[in-house]
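Alright, structures below, take your time with them.
What follows is subunit A paired twice: with subunit B in the first complex and subunit C in the second.
Take a look at the complex of A and B:
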């Protein structure tokens, strides 16, 4: 049943959703869909040898599950505009995850109804691992479709030429050395997806996140829609596939590779993504990332060094389809 | 006096010779991201399979799939998310051999008759051609021979795969 803007009450809850127990096969299927084959999300023996209890469910998988759930909440007409997810705990294979949320604020902007919500993933042991926020575009009762086409805050040209000033002041910090501070602003290489978005790529991703929304899986429905073709689920856009032989895995953000001194561990701290245009079957995406901040945060046990990067994703017409901010935390 | 081998081939088992499996079909026409995944997985850098310009200069005129590509799985189509892999299993457990549930692939012989191109949709259908018993080092085995006929969307024969499935004694059903 379609949810309408007029019917949403601030403070009310979103209809929750559960997945699981999630299996190793679920993780392999998602890894295959996004061309990500790291041992930590696939190889039980590797995980045990490295001190984990089981194979870890990946951050992008959990974020994609949240997107898939929110896509159900907004119904056939609505869209997800923005999502912010923090990774605060480990989830393993064999766990059951539940997504919950509360509508916190609603407002109309340029004739569109926006609703903000607090969201989270909680596992069967009560661990809240993915708290976050989302902004949803919910139709009003007089709307039978929404044209998802928004002005981005930057163009591709502005993104890659923007000056980011840095100043090296604390000469005693053992993590934030002069070389590391100078990495702020460093730009990764631009990367074009290896082929235009095709149906099997959409199928793999939708099967990987248990997504059945008509605009992603029903070719006839999509042909008859105002868009005229299948589109990619939003979460797929922020996870680039492998290139060909000369390119490696780029992950969420293709920033230059570097090591923060006196750190040995890197974990996914979270991601914030906002979408501006839909990605249609046949579109070819190009993306480029840069480091926008590196700082030290004192943790309870040890220092955390978040490396913050931003990625711009454009289509073949150089239109911005999404901006994504990734936090990668380096630790001693 | 030579001890006679026990015959495990029941009339029910033997009646399955000639049995036809359901026809399975690829969930979508072959597209480039499926092809890329396959050639990356098999470490096959032949430009005929991924370089449009090179492929144009060959007698094939466009990119073709590696010969073994037809062996890709037959996953569930777009929109089916529960047990997405189950569909590809459907043609395998065609013959039930109760008491011989431990099955392994004992090899196959393949003959090709045509190429697979981007845009093709292949179908596969399996026919059981023989069921026999043999004595192995670890005991009796049942060997199922089947022919899998692979065709493209125009009905053109692409390949015939003759496979042997070897079953060893174990409780349970060999169907899955």
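Take a look at the complex of A and C:
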């Protein structure tokens, strides 16, 4: 049943959704769909040797599950415009995850109905691991389709040439040496995905996140839609540089490799992604990442050094399809 | 890797096929393979699950070993040879971290009714302990000096029609 803008009340809850218990197989099937093969998300022995209780569910997996849930909420006509997820806790395979959310604000902009919501993932032990926010594009009752095409805040050219300030005045920082601060603004190589988006890639991703939405899985539906072909789920196109010491999932698009002296651990702190255009079957994506900030967050036990990168994703017509901000936290 | 052309006349009974490997298969390599063929059975990726079922560890997929034998043969026969038949038994378990080698030798050669050169081989996968975990047989078709072009398709046996 399609949800309409007029029917949404601020303060009301989104229909929640659960997954699981999520198995090692579920984690690997997702990893495989996004070409990510790190031991931490597949090898039980490696995880135990490194002090974890089991194989970890990945941050991108949890974020993609949230997106697939929100995609159900917005219905066949609506879209996800933006998602922001903060990774606050570890989730392991064999856990059951539940997504919940509350509509916090609704407004009309340029004739479109936008709804903001607070979202979170809670596991079967009550641990809240992914608090975040989302902005949804919900149709109004007189609409039978939405043209998902928005003006991005930057062009590709502006993204790669914009000045990023590296001025730091805080002299109490321990980890931020001159060399580290100079990494702010550094750019990864431009990376074009190895092949145009095909239906097999979309299918593998949708299976990986238990997605059943017609616009991603039903070829006949897609042909008869206003777009005319299958499109990629929004989370599919988001491949920020998750890699820390080494290259990321799409190797060459990673931020330049560097280590913060005296840090030994790196974790996925969170991600904020916004979409501007749909990605259709046959599109070829190119992306590039930059480090936009590195700072030091002093804690009682230890300091955290978040490394913030931004990735721009454009299609073969040089149109911006998404912008994604990734926080990787390094710590001693 | 592949030699551009191998002729029937160059091959003799007892010849060793150039080996493929040694290749060490770690969990990530196994999962990459499983992912490529979309087989996500826990037996090949969930180590705690495999142990709970009484296995020493997860297993290297049988098709990984078959693929190694396949690749050894096609590297050897070159661009113009045709891998006609390959059979392989899965006789023992290989686990993550094991190092496998594909080996083979020529056991028979004859000119078929079609005038092409047929080579029969014994092939196998051997692990780092010297245990043959996947033995098999293969038939390849090679160009001959008289018949230098191997067709790209062959007739099905009558019983399959």
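As a working rule, the second predicted complex is superposed on the first by the 311 of 332 C-alpha atoms of A that agree within 3 Å, B and C clash if a C-alpha of one lies under 4 Å from a C-alpha of the other, contacts with A are read in each partner's own complex, and residues count from 1 in each chain.
Criterion: a residue touches a chain if its C-beta (ideal position, glycine included) is under 8 Å from a C-beta of that chain, and two chains touch if they have at least 3 such contacts.
Keep in mind that what you see is a predicted model, and the values were worked out from it rather than measured.
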When subunit B and subunit C are modelled together on subunit A, clash or fit: clash
First (subunit B), second (subunit C), both or neither touched by A:210: first
Partner chain(s) touched by A:199 [first = subunit B, second = subunit C, both, neither]: first
Greater residue coverage of subunit A in the superposed arrangement, subunit B or subunit C: B
Subunit B versus subunit C as contact partner of A:218, first or second or both or neither: first
Touching partner for A:25 - first (subunit B), second (subunit C), both, neither: both
First (subunit B), second (subunit C), both or neither touched by A:43: second
First (subunit B), second (subunit C), both or neither touched by A:106: neither
Clashing subunit C stretch [against subunit B; choices 9-17, 45-53, 63-71 or 81-89]: 81-89
Set of subunit A residues, in rising order, touched by both subunit B and subunit C: 25, 29, 32
Interfacial residue positions of subunit B with respect to subunit A in the complex: 27-29, 31-34, 36-37, 40, 45, 50, 75-82, 84-85
Touching residues on subunit A, where the partner in the complex is subunit B: 25, 29, 32, 35, 194-196, 198-203, 206-207, 210-212, 217-219, 241-242, 244-245
Subunit C residues within the subunit A interface of the complex: 27-28, 31-32, 34-35, 38, 40-42, 45-49
Subunit A - residues contacting subunit C, complex: 23-25, 28-29, 31-32, 37-39, 42-46, 54, 204
